[in-house]
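After this come two complexes, each holding chain A, first together with chain B and then together with chain C.
Now for the complex of A and B:
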């Protein structure tokens, strides 16, 4: 998870390094730790360190991690010769390494030669059939070729063995949402919430999938999860606040005409509306009339 | 930092002195063959003073406390990490040629 302090630190380092100040190595370490994808910057600054023999020797044993990071960034920016050179250097240093073998498979993938990459990965899997990274790369390859059902199959098989890998559950949820298979996506998000209950973004995503599914029960559950998102974020998440208002109005429309004793209290809706108005007044006062007319349009 | 540290050391010394006084008091009571009901009032006051000084030092010396609220301004989650394990390379960025001719020199 990238917190706000880490993000500000990252941006500050990025601006500093872009404008010629030092600190490229700290920036690259921070990018590696936070797992963000800034491939063009990583490539530029990583190459500036690697091409300078003095800076390279300063790194000591960490220069090989830098080679790996720059290789992956180069593949992302389609500078395949840079990637090939980095991998060659790594191969010379670590001849029989599986990690370098994975990088070679990655290079074949980025070139687009799917069959050869598949061959390389299968040979790596023969040596170690439970290599998580290689199994995940096979899923990524299926996804890159557009074979979504194949990707889903491979990912399901992977998750049968490695049920605790929440990155994989997230990936599966996103694939299902892209294919509009919302029930299965809801199941994946439930697994994510079970393993990491304090991340509000999972609650939000689950609530949105439930809201998209529709139906009275799903809407009520969605409302509960929007509320838990608001709870976890201290009321600052505008999307969850909007979600509550929309859920309340949708539930109201579905239960129109049914017995009014079951009607839930409208306090949550009015509280959410007040909170939204306060946030808009603070941050975007010009859009306040738009908000007011939208909220009035939601029939309660 | 220096002041807090000095105050902390002073507080510890006061506590040690209070402990020594209590032991001496017990020795005195053993000589006079009376029961040891509790340390004298001066020692209790000294212990409380030492407690106050050490607590103040303990809170000042470590420096700034970090926030533990998950929704505070600096702790809130801004974005989830991008799934780097599942990164795919045939995106539209392929069409952009890199501006600088980047090469790994040796």
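Now for the complex of A and C:
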């Protein structure tokens, strides 16, 4: 996850470079380090450095990394000629390189020739069957072709070996949610919470999956996770606050007939409602009446 | 007896400085040689998997309070199940690390290569230093030491009356 300071630094550099000030190389290095996806800017500024022979020679050996970065950005922006040129230069310099082989596979993918890309990737895998990037590219290809079950199968196999890769778990969870396989998605989110318990995003997503699954036990657990999200974000997450209100009213509806021994205290619900009103008053005062009527409808 | 031996400045110029320079250079050389000789390892499936399983199990233990009890129990069984649990090693099959190291041919080769690249420069330097620099006092350590260090610090000098603070040139190298 990108920290706040890194984010401000990135934005500052971006503004500086966009307005013609120097610092394009620092910007590109920061983008590469943080792995953010700013392909159009990377393409523009990267090309401006590469096309200027003096600036290019200033880079020294870092030039090749820049070529790689610009090639990937060009493919993201569908400027396939630029990408092809960059890859050709890299091929000339590093003829038998696996990294360049990966870029070629990526180029085939972006052109849409799935079969050839698959062949390229399989040949790369023969040399090194545990190349994480190539395995993940295969999953991405299956997903891009719409073959979700194939993507799930490949991703599961990948995770059998590399089970500590939390990005892969996150991808799997999102695929499951898109296919409405909520129980499996819940398992993936649990995995994510285990590996990074202080990231509120995962708690929130897990709570939402549980809420969608429904059932009294899941709703109660979902309420707990919405609460932990609020805890982790210091009360600023409106979605979690809404989640608490919805969960409380849903639980109330389910337990309507039963005896009220286990009735949960309504404090949480009223606290969440008050917090929501305060946030709306601050940020969107025009929508406050909407909020009030919605909350009134939810009252147990 | 704590007599003060006066050390010739020529010793300092012609012994200490070249010796230290040579030591540093040899260290650098050793680093590059080992880098060249290191074969690129294709990661072994079992080792990679085991490493990842351990990370996952560690996460489970550390953050166990953050997931519902049912899922924690399910995962615990997944790892410890008698038949096919990932971390379950049946009694008597657990090899200790040493035996494994020798039975794996790749790792044994790597170890031997590393050892060789350490031994050969060491022997060469030792012979060279011995030839050029044996037999005299090279430096004085500023703080007093006990007699125990005599064999360590006064390698080439066979007099027992010299104060232990004086270091011989051979010991500088060691």
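We take it that the second predicted complex is superposed on the first by the 299 of 300 C-alpha atoms of A that agree within 3 Å, B and C clash if a C-alpha of one lies under 4 Å from a C-alpha of the other, contacts with A are read in each partner's own complex, and residues count from 1 in each chain.
Quick note on the criterion: a residue touches a chain if its C-beta (ideal position, glycine included) is under 8 Å from a C-beta of that chain, and two chains touch if they have at least 3 such contacts.
The shown structure was predicted, so the numbers you read here are calculated from the model rather than taken from an experiment.
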Which partner chains sit in contact with A:200 here, chain B, chain C, both or neither? Use first/second/both/neither. first
Regarding the shared-chain residue A:65, is it in contact with chain B (first), chain C (second), both, or neither? neither
Chain C versus chain B, contacts on chain A by residue: B
Could you tell me if A:187 is touching chain B, chain C, both of them or neither one (first, second, both, neither)? second
In the overlay, answer first, second, both or neither for which of chain B and chain C A:253 touches. neither
Using the superposition described at the top, list the residues of chain A that contact chain B and also contact chain C. none
Chain A - residues contacting chain C, complex: 128-130, 160-165, 187, 190-191, 193-195, 197, 221, 228
Name, in rising order, each residue of chain A that touches chain B in their complex. 1-7, 34-37, 40, 43-44, 47, 50-51, 70, 74-79, 81-82, 85-86, 89, 109-110, 112, 133, 136-137, 139-141, 143-144, 167-168, 170-171, 198-201, 232-234, 236
Which bits of chain B are touching chain A when the two form their complex? 69-90, 93-94, 96-98, 100, 102-105
The chain C residues in contact with chain A across the complex are 42-43, 45, 48-49, 51-53, 55-56, 59-60, 62-64, 66-68, 71
